[in-house]
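Labels run A, B and C following the written order; every chain starts at residue 1.
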Amino acid sequence: MLRMSWTIFLKDVRMEFRGKEALNASLAFALVVLILFSFAFDPTSEQIREITGGLLWILFAFSGVLLVNRSFVREQSNDCLDVLLVSKVPASSLLLGKTMANLVFILLVEAVCLPVFSVLYNISMFQLPLWLLGVCLLASWAIAILGTAFAAMTVNLRLRELMLPVMLYPMIIPALAAAMYLTNNIAAGKVPVGDDLIWVRLLVGFNVIFTTLSLGLIDTILVD
Amino acid sequence: MFDKILFGVGAASGLYLVRNLYTMLMVLPDEAAQGMIYRIMFFHIPSWWTCFICFFIAGAASGYSIAKKNFRADSLAVAATEVGLAFTFVGLATGMIWAKIIWGIWWTWDARLTWAFITALTYAAYLMMRNMIPDPNERMRVSGALNVFSFASVVICYKAIDWWRTQHPGAVMSFRTGGGNIDPAMEGMTYQNLFAFLMLCLVLVTVRLRQEESLRTLEGMRRLAFTRQRIAVLG
Amino acid sequence: MAVLEAKKVSKFFGHFPALRDLTFAFKAGDCIALLGRNGAGKTTLLHLMAGLTRPTDGSLEIARRVSLLGHGIGVYDELSARENLQFFANLLPVKVDVEVWLEKVNLREVAGAPLREYSRGMRQRLALARTFMGEPELLLLDEPFTSLDDKATALLQSLLAEALARQATVVLSTHQIPEAMAHASRILFLERGKLRYFGPCPDEMLGDSTWIYRTYGAVS
């Protein structure tokens, strides 16, 4: 089963890197929003430190949706999804492979945006590199797994580009809130300790609950 | 016969609510700290419980409908969600009125309020999504799964009160505090109103459930008629 | 041994019955033509046999290795022919030599180019390779001859003959009777979701393409 996920993952990554359409669009969007931020408040003030996490994770959630939206559309153009399901690929393997691919795409966007943000707003994001990596991995997984599962639900809708964010954002708020809080601490150079660790637990718990639910329900979603 | 019973229960719940209103306004005294506005709590608290019960039923019915491919359970899920959403708005509105008078602000970003808002958005998305799927099987599968996801997020919502620092008044009911924080007469009133709300909720859910069932029957008949017509045209 | 066995299979879309009480069995080496008008339930039945939908009622047992050629050709435009075949081969339970198949469908020289640069006929040949590789036990082809060019038609005919020779079961859905008759050993005729005829090709059908509709169709 994991072997099939890996095959699907490689295929999705290869397809995306061939055209880079979603990746480029998402990156361009993220950079534009990064510039827009500078007009929303005084970019030289100290105040920005307190909202670093919020800004970044709103940005990542928005550009992430652009990426996961493509995930099942890719399978739709030539009815490839049907072929995959006929080949006895379990729906959960399919979801897992696609989620891993989306995770890689989201992490790539983050890898570009974080240094750019650091430079533009004079905030060093990389004082605690391991913590930053951990938070990015956990929160991006939350966006990727729920986003991919919901992309499977919305793929047949006419208004799928609109419906996906409407469904997704209310549900990933806990994960985003936790990521925002932790990223603020990381940007300030504070290692999360004591009570702050509840946010790490929240992120982990959120991922466990929703990964289990998504893998359990995806067969119902895809197969009539 | 069933219609008459339904109508009877609906009327009874209406009468019961009027009777409760009379007791609240004419019998019970003002509360020591809050004055007369505390009475809105007799609507605020039961409406939250009712909406939680509705969402619980919707989540369970959705789980059952996708596991057993049961359309009736799917209808129950959408009926319960819609009624639950209505009670969510009652809860939000009464809460805001109370907050304006006691705290001086309409809205505050306290954990419960925020989460109630998020819950309302989540279920609104569910109802929107449902309307966009024409095929009944797909609608049941996809919106059923979405409802299960939604319920999971509502559960996290209920837990969240322990995790966020909160401005919301703590638990006052005796079964959570062990008694002493609330006058027994006032607590009794809350339960009586809850009972009235639940009766009303039952009637509304039943009516919506039957509408949804008829809608599905109609859909099937329309499709059948369409197929026959097409055969007749194509020969 | 039956490759596919359906017992009282029904499929409902909501309250609409798409298929009702179908009972039949396919044996290894059968070539079945699935006939019926538009909306008779052919595609639904193919999807059921493919495992893309599950029956509302009844039981359906399907062979382990099934392959489908639907309306969409089921290959990725962004990948090259070789990458496409390699990807689908990796999902198969048996080992397949992709190069052999590229040779077979005559795409070896261009196998590295992305599919969107291919002509229509080349894409169709690739789709045929994708469908027939790995020796599937049950082949489901939804109107396979529609819009094929000459080369691809010849290829499909030889692949079909090869598959039948190794005792694979083939199901062709079509409403072009002559083409169906050329290959099929049995006919499965559906009307309004009901099984009207399942058996060997009747001789009357040769040269009379509306015979089966007149004889077994309920509505005229």
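Here, a contact is a pair of C-beta atoms (placed from the backbone, for glycine too) under 8 Å apart; a residue touches a chain by one contact, two chains touch by 3 or more.
Worth saying up front: this structure is predicted, and the values here are computed from it rather than measured.
Traced through touching neighbours, the fewest hops from chain B to chain C number 1. Taking the mean of C-alpha positions as each chain's centre, the chain lying farthest from the centre of chain C is B. Centrality by C-alpha centroid: the chain sitting nearest the overall protein C-alpha mean is A.
Our note on geometry: chain B versus chain C, Cα centroid distance of 49 Å, whole angstroms.
Centroids built from CA atoms put chain B at 32 Å from chain A. The mean-CA centres of chain A and chain C are about 39 angstrom from one another, to the nearest whole unit. Those residues of chain A in touch with two or more other chains are numbered 224.
Counting only residues that touch two or more partner chains, chain C has none. The multi-chain contact residues of chain B, meaning those touching 2 or more other chains, are 137.
Within the complex, the chain C residues that touch chain A are 47, 50-54, 64, 66-68, 70-79, 83, 87-88, 90-93, 114, 130, 140.
Chain B meets chain A in the complex at residues 66, 118, 121-122, 125-126, 128-129, 132-133, 137-138, 141-142, 144-146, 148-150, 152-153, 156, 160, 163. Of all residues in chain A, those touching chain B in their complex are 146, 149-150, 153-154, 156-159, 163, 166-167, 170-171, 173-174, 198, 202, 206, 209-210, 213, 217, 220-221, 224.
By the touch criterion stated above, chain C contacts chain B in their complex at residues 12-17, 37-39, 56, 192, 219-220. Partner chain C is touched in their complex by these residues of chain A: 4, 7, 11, 14-15, 18-19, 74, 77-80, 82-89, 223-224.
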